[in-house]
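The structure that follows is given in the form of structure tokens.
In order of appearance the chains are A, B, C and D, and numbering begins at 1 in each one.
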């Protein structure tokens, strides 16, 4: 099972209308080369799940600027004016989700949970349309899992089986999205041989990863 | 803030009638010296949350044999005949929980979730007394969080701030229980200086740990 | 050949390249010795790792690397350790392709009972309920009967491990698929007749029109 | 002294030895420069680590170690990186002792609005809703009014970030505690009179019987 493919081959699995997840936090830990390839390919009508829409020139924000996103599910869009413009013009649907809820929704999607109860958002517009459940006198919102057709993530050191070690604050949503999509593509900073990573240090086990592209080094 | 204390001082916080969590899986990754100290101290009427009741001579099973447990919440008791004996004699209440549900309950307790929906246990005795919720045509059980007064966990390499790295299969419930108790005591195999552990390799951040005992080395 | 050995070998033929597999204690564990040549499968140990390898050579045991039965094992290159919530996220989330377990009882609806006998034996479900609910394919591997009594029933009467989750039953007598219509005998061990297999089975068997010889 | 600097210094006096603290962007970030001597606090960065240190020296930036505002920072010895679900497990689970945030509006019920102005500015809530809901103590740190308009209201009219979660409001005019009875002025900056503070506040202030001088 050779998981290492070219960026073109990896990206060939992404079709118009798909739901995709992209890792990263304001571009830190985003799979930048995969994003560039998606922009170049021009697939459209995507539903994008990510923490934020980055900046116009950095991260998943490029896909917004290139008008490839039909629907965006994110916690923050304030650093990419184009997102707000398209949202206000009714050209793109935007669902804003509290960051902790978004992380947990992706985790639930990847771990077979049907949902979870969070106190976050109670008493705010976030509760609209959601079931409220009281446990021990405290009110929680029932939030549902999120999954995607494809997840595009970035890893620092990745072995040929797909085991990932992250560096610094790049872990963010990457480790969660790896579990919650039918197809998972990781962009590696560096690809190493199987066995080169201490099994005690692996953050994302390779069984979650379908394809590896890279490596910069 | 010096977190390193003697076993006696650490154990002094555990009182009759408390709810405690103990890490480990059939004794692998259990805080054996803390357990021995608890046996010696003889605190009683404890509610014990752990994966299993170990063996009569290994792990948290010693507390069962010594009749210190009033109520046990665990996924497996088959390797400690004394647990079954006390349960059948009505001397100890035993709540059996699917292992994945137990892990998730502890995680929920530590991360502020009011509960979660799992498909595990639907159509079995596990569903008795629980709310069933249907999501997209699939039935789930609403499971509630678990917390404890004190968690006793074991770590391999622990720095003086309480950051923990585990070795092998010892991670199991330790990493989860560290988040879900009012007081967390870690038994370290080896205590190292702050800064000695790569922040990319920390599994349990030190902010969860109140006291450190050890170290064997 | 020993019955258990025969069953384990037939189960092993179900494994496909790249499969993530969780094996129960006992007979299912023997499947690991018979992975078909030329394919890689990855054994998951629910106590917290993937890449479960064989028992270590004597003197090389690491007491911290054990399987879910507390036996010393090894981790293969490319393996990874994780905590119990991640382990069961893998299991419940459908990332385990095949789980192989024993049974006290299994029935024509795909119900499985393997975790307790009320008043007699209550070891607890451990990870079995999550495994049977979460794995993509659930294979029950067991001897067809116990002390002459049926184990493959119209309806389980012991407390269930999970409802309607079993896909395949492999015994020394044959291979039985659980379908919407009932239990379909897909393969038969040529040492037995169809009548003998049916007699050893309480549930009614549907004989597959392409019934094959059970081979290992 | 600059108003913001004054507010940040007063907020810093709320920090206790061992506190886990999350600081919002802008004025709250300045609190990190004034941690009282002799105590250790641990700054959490919701994008994925604890042990947030100061900006690196020029030339020593690591583009992968950034704060939640995408600025290069450092991690101190004893820090740890984690993913977003762990980060918000820490936040939602009550393991953050203090969070300090700015506000568009805050009211006498402890309601906070700081994430959108309908039709004008919709940056999104980011991690603010989880922080305000989960942190043990929520401190709003801001200038008392904006362009002469009230920000401390009887009732917020902008979409809320969280309902009833604010504990303390610290401005250049004073320190206000949110209580069941309403907003209690605990400290006043001697540069202002009680009347001036009340005039700058839409909600009615209860004057603490032990009203103190606001000092930094």
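Basically, contacts are C-beta pairs under 8 Å (C-beta built on N, C-alpha and C of every residue); 3 or more make two chains touch, one makes a residue touch a chain.
Everything numeric in this text was worked out from a predicted model, so none of it was measured.
Novice: Distance-wise, how many Å sit between the C-alpha centres of chain B and chain D, to the nearest whole number?
Specialist: 35
Novice: Averaged over CA atoms, how far is the centre of chain B from the centre of chain C? Could you give it in whole Å?
Specialist: Chain centroid spacing, chain B to chain C, equals 29 Å.
Novice: Report the inter-chain centroid distance for chain A and chain B in whole angstrom, where each centroid is the mean of the CA atoms.
Specialist: One centre to the other, that is 32 Å.
Novice: At least two partner chains per residue is the criterion; list those residues in chain B.
Specialist: Chain B, residues with two or more chain partners: 104, 107, 112-113, 118-119, 166-168, 200.
Novice: On chain D, where are the residues touching two or more other chains?
Specialist: 49, 75, 81-82, 85, 88, 91-92, 134
Novice: Classify the inter-chain contact topology: is it line, ring, star, complete, or other?
Specialist: Its topology fits none of the listed shapes; call it other.
Novice: Which pairs of chains touch one another in this structure?
Specialist: Chain-chain contacts present: A-B, A-C, A-D, B-C, B-D.
Novice: Within the complex, which stretch of chain C touches chain A?
Specialist: Contact set of chain C toward chain A: 17-18, 20, 40, 42, 49-51, 75, 77-82, 85, 88-95, 134.
Novice: Applying the document's contact rule, which stretches of chain B touch chain D when the two form their complex?
Specialist: It comes out as residues 1, 107, 110-113, 159, 161, 163, 179, 194-195, 199-200, 202, 205-208.
Novice: Taking the complex as given, what residues does chain A use to touch chain D?
Specialist: Interface residues on chain A, with respect to chain D: 25-29, 51-52, 74-79, 84, 87, 96, 98-104, 106-107, 118-126, 156, 166-176, 203.
Novice: How about chain C: which of its residues touch chain B in the complex?
Specialist: The touching residues are 45-49, 62-66, 68-70, 75, 81-85, 87-88, 91-92, 111, 121-130, 133-134, 159-164.
Novice: Report the residues of chain A in contact with chain B in the complex, numbered from low to high.
Specialist: So the residues of chain A in touch with chain B come to 104, 108, 112-119, 133, 135, 138, 140, 142, 144, 165-168, 200-201.
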